[in-house]
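The first chain written gets the first letter, and so on, giving A, B, C, D and E; residue counts start at 1 in each chain.
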Amino acid sequence: MGKQTKRKHHKHKKYSLPVAGSSPGQIYIDENALKPVIKLYKYSADHYEVKELSSLNNVAQIVSDKNFTFWIEIKGYDSLAMFETLSADFNVNKLVLEDITRTYQRPKFEEYGSYDFAISRMLHFDESKDLDNVQVSFLLTDNTLFTLQESYEDCLEPIRARLKGGKGNIRIAGSSYLMYALMDIIVDTYFVILGAWGEDLDTIEDRLFDKPDKSVMFDTQIIKRNLIGIRRVVWPERDKLNDILRSDSPLITEQTKLYIKDAYDHCIQIIDVVESLKEISISNLDMYLSMISNRMNEIMKVLTIISSIFIPLTFIAGIYGMNFAIQDPVTGKLLPKNMPELYAAHGYLYTMIGMGIIAIAQIIYFWRKGWFK
Amino acid sequence: MGKQTKRKHHKHKKYSLPVAGSSPGQIYIDENALKPVIKLYKYSADHYEVKELSSLNNVAQIVSDKNFTFWIEIKGYDSLAMFETLSADFNVNKLVLEDITRTYQRPKFEEYGSYDFAISRMLHFDESKDLDNVQVSFLLTDNTLFTLQESYEDCLEPIRARLKGGKGNIRIAGSSYLMYALMDIIVDTYFVILGAWGEDLDTIEDRLFDKPDKSVMFDTQIIKRNLIGIRRVVWPERDKLNDILRSDSPLITEQTKLYIKDAYDHCIQIIDVVESLKEISISNLDMYLSMISNRMNEIMKVLTIISSIFIPLTFIAGIYGMNFAIQDPVTGKLLPKNMPELYAAHGYLYTMIGMGIIAIAQIIYFWRKGWFK
Amino acid sequence: MGKQTKRKHHKHKKYSLPVAGSSPGQIYIDENALKPVIKLYKYSADHYEVKELSSLNNVAQIVSDKNFTFWIEIKGYDSLAMFETLSADFNVNKLVLEDITRTYQRPKFEEYGSYDFAISRMLHFDESKDLDNVQVSFLLTDNTLFTLQESYEDCLEPIRARLKGGKGNIRIAGSSYLMYALMDIIVDTYFVILGAWGEDLDTIEDRLFDKPDKSVMFDTQIIKRNLIGIRRVVWPERDKLNDILRSDSPLITEQTKLYIKDAYDHCIQIIDVVESLKEISISNLDMYLSMISNRMNEIMKVLTIISSIFIPLTFIAGIYGMNFAIQDPVTGKLLPKNMPELYAAHGYLYTMIGMGIIAIAQIIYFWRKGWFK
Amino acid sequence: MGKQTKRKHHKHKKYSLPVAGSSPGQIYIDENALKPVIKLYKYSADHYEVKELSSLNNVAQIVSDKNFTFWIEIKGYDSLAMFETLSADFNVNKLVLEDITRTYQRPKFEEYGSYDFAISRMLHFDESKDLDNVQVSFLLTDNTLFTLQESYEDCLEPIRARLKGGKGNIRIAGSSYLMYALMDIIVDTYFVILGAWGEDLDTIEDRLFDKPDKSVMFDTQIIKRNLIGIRRVVWPERDKLNDILRSDSPLITEQTKLYIKDAYDHCIQIIDVVESLKEISISNLDMYLSMISNRMNEIMKVLTIISSIFIPLTFIAGIYGMNFAIQDPVTGKLLPKNMPELYAAHGYLYTMIGMGIIAIAQIIYFWRKGWFK
Amino acid sequence: MGKQTKRKHHKHKKYSLPVAGSSPGQIYIDENALKPVIKLYKYSADHYEVKELSSLNNVAQIVSDKNFTFWIEIKGYDSLAMFETLSADFNVNKLVLEDITRTYQRPKFEEYGSYDFAISRMLHFDESKDLDNVQVSFLLTDNTLFTLQESYEDCLEPIRARLKGGKGNIRIAGSSYLMYALMDIIVDTYFVILGAWGEDLDTIEDRLFDKPDKSVMFDTQIIKRNLIGIRRVVWPERDKLNDILRSDSPLITEQTKLYIKDAYDHCIQIIDVVESLKEISISNLDMYLSMISNRMNEIMKVLTIISSIFIPLTFIAGIYGMNFAIQDPVTGKLLPKNMPELYAAHGYLYTMIGMGIIAIAQIIYFWRKGWFK
């Protein structure tokens, strides 16, 4: 496993942290902000049209036609004027605009009388297989839904298809149902991501059983962290959905709430899956650690068996390699016979037999201790 | 322990994850869905009959006879028409039908006016000793209970026997009592499973004391994960039973609630057992880990004792194996007597005695340190 | 420490698990059930008598005398008739009878109008020093208390003595006070058990400091598990006492509640002690683990010091044991003087000095590193 | 670090555990109980006197003078009569007297109409630097405060000084303020103890960086346990102060409650400090453990480097120490020249160069692996 | 990494712990207290002036002009008179003054009728890059805000700039908005600190992958502790902001509460970041530990491979270095040919080939075991 993969989790989204001390309620336009692309979806049970707008200037007038439901989809934030139009024409609070443009917000739902404000976090794998974490902001009025996101890519295509196809509730159930549908697909996409990680964990586990090496640990740690990351999205998402369920906002229809309850159940199941994958990754790490210890034991056993058998034997060989003499080299006197074994008949044979017995005794000893298993 | 066993926990139920972006409230028919088998149980205090139905078409009419209680048991989901009949004739909400057919739901209880909807998760060992996790859905009306499950196998036979036998409350206490009886047997089956795992843990623990090896860890981890899995079923099950207890639904009789309270108590005891087995498995893993460390210590002690004794002795033998000469081989001059020990009388004997003393000193040293224990 | 002790915690109480699918409210008579022994205590401020009954047949009539308080003590469950009498004469719910005879219930308190039902779990060391965990069930009416337990042994003797002695409130404060007194002694017995375990932990800790070996871990794990076990008894016990405190049951006098509050405080202190002993046992295990690591370090230091000193020296000795010749054995030509050190005057002496310097340098090195401490 | 220190935490307060089965509400006089020393403080804004009483007999009469506030300080419990006077003259509940004399109670606050009852736990280092954990019981009536403690030593001197000095509120704010002042000093003393432990932890940490040895672990474990011990005092203390804050007792003035709020804040800060010290001690233990592992690595590196370099070299030396002959000793026939290296010119030199190359190659290899760092 | 860095976390703020037993409500002037520097900011929509005051004597009169909003900024506490003026002229409670001067308080908010009292903890890196933790106390009346801090340095300059610039709400929204603005900048500064730590963790993680050594652990532990420290500030900060949100104080305008809600959201995000960084640091420590174990494995593998190969070979060489003779040196008798291998033709060659085979067999064995990977 190459370094590239190991470091994948380094690719943090660079949060646009608040500049301490700046006025609250300030719209934040990042220097890398993208040019806004604005699409207007106008639909009713038997009508559907999309057009691209160059600005929000006439939108207030367009959406005053209560016979239709409108979805204003805004991507890219490089236009202060656009946000000022939102503030002027739709009376959107400055603090809300700050929350929209500072895209590190947690999922939340807030009521502001004439409109409701909500944030979802859209996670999806982008083209280069990295995980994007995009803030989608919702502004809901009686017949219009604004969605705002900083970047162009999204995972909302199926909703557009349903809107175009016109099947099911989507064209007739109003703007709050559209908001639900978008939130729901964002939540359901979490399942896709968790599914991918679950499969990664399965693969890692296979490697754990077959050939545990360092990469098992690194890869599991990356998934564990990703899970911690998604957890920080899912728990507030659950709270947000619950807030919508319990809200009295007239902009959310009772029928929509029934569906929101469904999304809420999905969210709880996602939390279940996240916790469960986290437990699995922790258990993988634990197993990895005890397999390292195990392997150390095995390595040490090899060393100990070989050393224990051969070091004493080598010592014996060393004994009989000593040069104790029986004649004083200077005086030429014969000394008492040092090391008589050397001069015994069959000394070598008996020595070899002795060594063999020692070796076999040790092998039996280690065998009994179960070291060969 | 073979690979087969190790990987048992890989056999996840393949969840039918929601396809992100599909319309909510869509009935999901899996491509491997089984042909539905529908059984109708019609009973009262003194009446009992079972028949197999080919469809739900006439059921609405059949169950309109309020003198009897009906149990419609549906297994296998490969019939869109069947679900549409449920929707048309019994006014069952589309979201409920989606929950029934997407069989990865958590246990829950919901009231829909004319009927109550509940989900249990039935865990049981199937014929090949694998653990199945089957969703059983309940639709309860005043005199009728529908149960729906995707697969054919179940653990409900004892209820059918009691129904047929007609002893106890079961024939006279109405449809809500029947729902209780089924839920109760599902909960009680958890005990059976936990009992099996408890025995496994006991066996593992015996191995831990006798011959701890890697399989101890693998097997314990599998049980630990299974416990984590069952926990994710039991906690929402407890919440579900509590929801039923606190509900005002007119479809649940007071008498049934008394019994539900009993099932709720069982559920709490199961949670107790699960937590306790989990503690035991964690404690087994901890013991395993410290036994590995212990064993490493023992291995190292053997190596160290043998090396410490023989390496210095070998060194001494090496000394006296050196070939320092006393005569210059070129000039033939006698040199000062290098290594006079070699030419001393009894040099060998004294050396051996010296070596013996060193060895004994070391043995005493290690003995005192308690390394031989 | 022998195997016997290690496995003590294997001696689980064999729970009489519910047979999945049996009718609820069924009295369960175990095949090893003991013959019932029934004692009747009849007392008032100035009266006290005990007699043994052969059955419960006349009890309903006996206890109708409201001038006295009665304690019916039942031990041993081998009589279906007995339970049926309870059901018939005292209107005891079938589910209650099931809870009494399935003796794996958690402590609880339930009101049934004409009587209250409560469960305590009595822990006590039996004659063979094993820990028994016995379910004691209470049925409380206005002037009568039934206690039921499966086995004969108990720890309630002091209450009988107080009843006989007649000192204090016990004879005049009614049946609910008697129930309190019994529950209180059961709770107080937990202190005795915890005291024994606390002393065990102290002993283990002494061994930990003196001679830590594997038994330290095993023994601590056993105590830790026992603590987990008692915890599962004490927490619901606390809830039970709290339920009694908050109950409106007319059968529990206000005065009794004052005393129950006292027992509740004891229970909280027991929880304190349990948690504290658990912390101590965990800390012992941690210390044990780090002492193993420490010991490994010490073992390795010995090995490394000895090896590092002697292996290089042995190498040098090996060098001078080589047989490089200065004369070609075939041609008899003199070769350039290979290994001139061997033929140098005092070569051996200088070699020995060199070796000594190497050894001393290494000893100083290791000393500086603090390896000799 | 000597054994004495290591075992400091063995010095448990011997709890006077309840004798299971004794009557509730029984006054418990320990056999080692101290003779009671009773002091009466009588004071008002401009009056202050202290006298020692031999018994409580006249106290009821003395304190009936409502112009003064009284503090009856009782130390030592060896007088059953004293407690009976409390019961008779001040109507103190028997259960309260049991709680006073069984000195293992948790901090608590209870209202009994004519008086309030509270318990604090006074921790202070006694003369021999051991930590004492003393129960101080408070009985509060409208103009009188009884404090009762088993032993003589305390940490309340500053309050007596303030009482004598007469500065601040203490003489004019009544008996509940006096109770507050005493509770507050007891709580503030916890800071002193935590400060001492904090410094100990700092010292330990210095040792951890300089010379980590086993004592680091033992000492940290002792502090960790002490922290666990104080935690069991501080949390119920917080609850107690909160109970006083929320109580409607007419005996506690509103002004006193304002001060109690202050003590409550201190208590929360103490909890903060306790948790923080606990985290530090856990982090110290973690660091100690990983330093052991690190050290093991270093030890093993030394061993491996030395062994890897010299074992192969010794082998080579061993090769050339072999005695393969070129002449059959029996027949005297010349054999093919075994080991021609031995008879080569400069064989020794080349061998030494070869060995040097092997050694240097290995050193470079280990250097590259970073083992010398 | 130098020692300096390692010990950075030793630089605890020396808390001015309460002296146990001192009167409550006592103003605490530290002996190192700084001379107070008092600045008066007087402003309205179209007016702005700052002047430095020598004392608080006339402030009560100055701030009686309700046409302006006033900010009295006090730094340095070495003036008892100043606090007494606060008490006399503004009726500030003695306990509040104690809380202001004992600068170890947790963030809190309290209402006292004519004024509100709040505490924030300002964390910022001072000139020497150390982290300062300064208590800032707020006293809020209808048109005046007092801020008090012990030291001179702060991070509030942007607010002064906004006040001077006069843009946004700050000059017109009254004293409670000013309090919000100051609290908000203090909270936002936490982001800056967390950002710095986050980058440190990234750097550490790079080192972990490249060259894990002890400093990785030390540095991570320091950050972990800092995180624990900031956590103890952020959680009560959150509670404080929530208390302000829920308070009925007339001094806090509804508009300000809207902004406080925003600061509250920031605070929750900070908690998120803190928890997330803590998880990362724990995961780093875990990885570090398992990398140590891994490295140990690698070290041991090198040792074992080298030893296992060469120790047996050395033994064989030792065998053929033995000096078994074939002639009795005393009698001169020929003995049976000991060690005939030595005299065999090509004995050396065969021996070398044998050794080679042994070595290659071992290398294959270790290769198969994956030890060379």
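Keep this in mind: contacts are C-beta pairs under 8 Å (C-beta built on N, C-alpha and C of every residue); 3 or more make two chains touch, one makes a residue touch a chain.
Chain by chain, the UniProt names read as follows: A, B, C, D, E = Magnesium transport protein CorA.
A quick note: this is a predicted structure, and the numbers were derived from the prediction, not measured.
For the pair chain D and chain E, the fraction of shared interface numbers is less than half, so the two copies use mostly different residues to meet. A straight line joining the Cα centres of chain C and chain E is 40 Å long.
Across the assembly, chain A contributes 293, 296, 300, 303, 307, 311, 314, 318, 321-323, 327, 339 as residues in contact with two or more other chains.
If the chains shown are joined wherever they touch, the resulting network closes on itself as one ring, and no chain has more or fewer than two partners. For chain B in complex with chain A, the touching residues are 3, 6-7, 10, 17-25, 95, 98-99, 104-106, 108, 211, 213-214, 217-218, 221, 224-225, 228-229, 232, 285, 288-289, 292-293, 295-296, 299-300, 302-303, 306-307, 310-311, 313-314, 317-318, 320-323, 326-327, 334, 337, 339, 342-349, 351-352. Residue ranges of chain B in contact with chain C, taken from their complex: 155-159, 161-162, 167-170, 181, 184-185, 188-189, 191-192, 195, 202, 205, 209, 258-259, 262, 265-266, 268-269, 272, 275-276, 279-280, 283, 286-287, 290-291, 293-294, 296-297, 300-301, 303-304, 307-308, 311-312, 314-315, 318-319, 321-325, 327-330, 335-336, 338-339, 370-371, 373.
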